[in-house]
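A, B, C and D are the chain letters, set down in written order, and residue numbers restart from 1 in every chain.
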Amino acid sequence: MTEPIRVFVTGGTFDKEYDELKGRLYFKDTHLPEMLRLARCRLDVSVRTLMMIDSLEMTDADRRIVVDSCRSCREARIVVTHGTDTMAETARALVAAGLGKTVVLTGAMIPWAFGSSDGLFNLGSALSFAQVLPAGVYVAMNGRVFAGDQVRKNRESGIFEEVG
Amino acid sequence: MTEPIRVFVTGGTFDKEYDELKGRLYFKDTHLPEMLRLARCRLDVSVRTLMMIDSLEMTDADRRIVVDSCRSCREARIVVTHGTDTMAETARALVAAGLGKTVVLTGAMIPWAFGSSDGLFNLGSALSFAQVLPAGVYVAMNGRVFAGDQVRKNRESGIFEEVG
Amino acid sequence: MTEPIRVFVTGGTFDKEYDELKGRLYFKDTHLPEMLRLARCRLDVSVRTLMMIDSLEMTDADRRIVVDSCRSCREARIVVTHGTDTMAETARALVAAGLGKTVVLTGAMIPWAFGSSDGLFNLGSALSFAQVLPAGVYVAMNGRVFAGDQVRKNRESGIFEEVG
Amino acid sequence: MTEPIRVFVTGGTFDKEYDELKGRLYFKDTHLPEMLRLARCRLDVSVRTLMMIDSLEMTDADRRIVVDSCRSCREARIVVTHGTDTMAETARALVAAGLGKTVVLTGAMIPWAFGSSDGLFNLGSALSFAQVLPAGVYVAMNGRVFAGDQVRKNRESGIFEEVG
């Protein structure tokens, strides 16, 4: 069998949708369950939405919610979907919390609601790293995995890279 | 940096397309490069097409080509895209070859050319397992990873499961 | 208001789906209602499935069902979704029946279930012609409209063209 | 043969795209040629981009450009892609110009760049009305056709309706 994995949803580009009446982007419900169904994922996954916000609007209080949820859930392997803009910040907060669990953060550059999204690839990537990596905090983006306190998003290219 | 990863394409449902003039499914070129681009994958990946066939039509000679290619390529980490019907057979042939490399086989239940494909999820999954698992042969399907000689495809459900 | 329009579904490439367990194309339920919803169509449309077959398998008995249904339904404006291979034959059968109604046949070269389908364009096209053309039988494909007994499908190109 | 049809692009939701680096919607190039290709459209269509703006930002000067372009082009049958918010205003400006041509305005509630767009349906609809309607100005939305000076967009529902 497979170990249970918890997925915490915080929103970000992953879950953005197009509001046709107002002509703008917004959040409704998470698409995670639909994506897992499409992927024919047979892992023991529980999805819980903590918030649905653009990560540029995340506050320290929001990050504490993420940390506390990771600490208190029964699972030892966790994936957190998150906006890419401040994913590295939340990763550092999780590192500082010393949870002793495997936590993998991931996101998307293109909303799932759009046809050409990297979201499904990143989700598959993060769930795989979550199953095999030892306790620690990681960021899974662009097919790669980074230590949670040694990564940043390059604002010009939108690509994640290692930092000293 | 990341270790170079080789992707060998053998066809399978992953790459099936719809021939609108004849009204049937067929193979043209692999979609792997396009999928990696969409995924914004920044791994050092080289894609090589070995064949483009339905795995039900794979012969022992075809499997030898897969084994030999995995042996002779310079990379130590390999992903093989493959039809799901006989993926477990090719996995066993690779186990028997004792290559001392990390080889992960994956595929898709729905062609990439169709909208609702599991292909991108499986590709992200396989590339992640390929980066972190030790030398050995594995099958990555449905979000899970199996030892290459301990897996089979359940024909009724289409789901992969562990066998003794 | 708008006049009521009847849509008769006969199958064809329009509605083909991919059977992931058997790895082949097949028919399940029609996607017409879903397509009309996506299109935000506000016409008074009733959809009825007459059959779900590849038009190469249509018999004279099947064609009689299509003709009889067009004759007996209360609507004077009708769209028939149909496989492209023998659409011109069914059109001629309808011309011969002299129904005194506006009947527009259309189809698709790529199944709706696939991402890159011409189906939604053809549906919009056919429903528009059905609203404004006088009584008669027509084929709407490739953005054009043809008199029902003056059209054929070019087998090499897959394009519909006028014939004397 | 078919009469030549001119398509003038003004932008609107039809052509909006997602800027992944800034996380917002914007305009790049029109998708019209790509949509016509996907539709396997065999009409004699020429596409010209007049502007790429949200119709809420259209000024009288912009509307004069649309009117003048419709007047001076050689074609007598024209489709104008337009944002839905002020489509009725531009339609009225075209009615007032008394061009003596068949002009059909259409748009989309969901950007083409997103998976579930009504754009392709509306394009097929508009091109069909443009071929058969007599000289006049029309709005083609939701599968229906309206006289250009007797239509408005219902802001609550996003649906187009007839007005006295």
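Going forward, contacts are C-beta pairs under 8 Å (C-beta built on N, C-alpha and C of every residue); 3 or more make two chains touch, one makes a residue touch a chain.
Protein identities per chain, from UniProt: A, B, C, D = Asparaginase.
Source: prediction; values computed, not measured.
Q: Would you kindly state whether over half or under half of the residue numbers at the chain A/chain D interface are used by both copies, giving same or different?
A: same
Q: Out of A-D, C-D or B-C, which pair touches the same way A-B does, with over half the contact pairs the same?
A: Same contacts by residue number as A-B, out of A-D, C-D or B-C: C-D.
Q: I'd like to verify one number: the distance from the centre of chain A to the centre of chain D, where each centre is the average of its C-alpha atoms, in whole angstrom.
A: One centre to the other, that is 39 Å.
Q: Could you work out how far the Cα centre of chain C sits from that of chain D, in whole Å?
A: Measuring from centre to centre gives 26 Å for this pair.
Q: What is the distance in Å between the mean C-alpha positions of chain B and chain D?
A: 45
Q: Check each residue of chain C and list the ones that touch at least two other chains.
A: Chain C, residues with two or more chain partners: 109, 115-116, 158.
Q: All pairs of touching chains, please: list them by chain label.
A: Applying the touch rule to all chain pairs gives A-B, A-D, B-C, C-D.
Q: Under the definition above, what is the set of chain B residues touching chain C in their complex?
A: Checking each residue of chain B against chain C gives 13, 18, 20-21, 23-25, 54, 56, 85, 109-111, 113-116, 155-156, 158.
Q: For chain A, which residues count as touching chain B in their complex?
A: That would be residues 2, 35-36, 38-43, 45, 109, 115-118, 120-129, 131-133, 140, 142-145, 158-160 of chain A.
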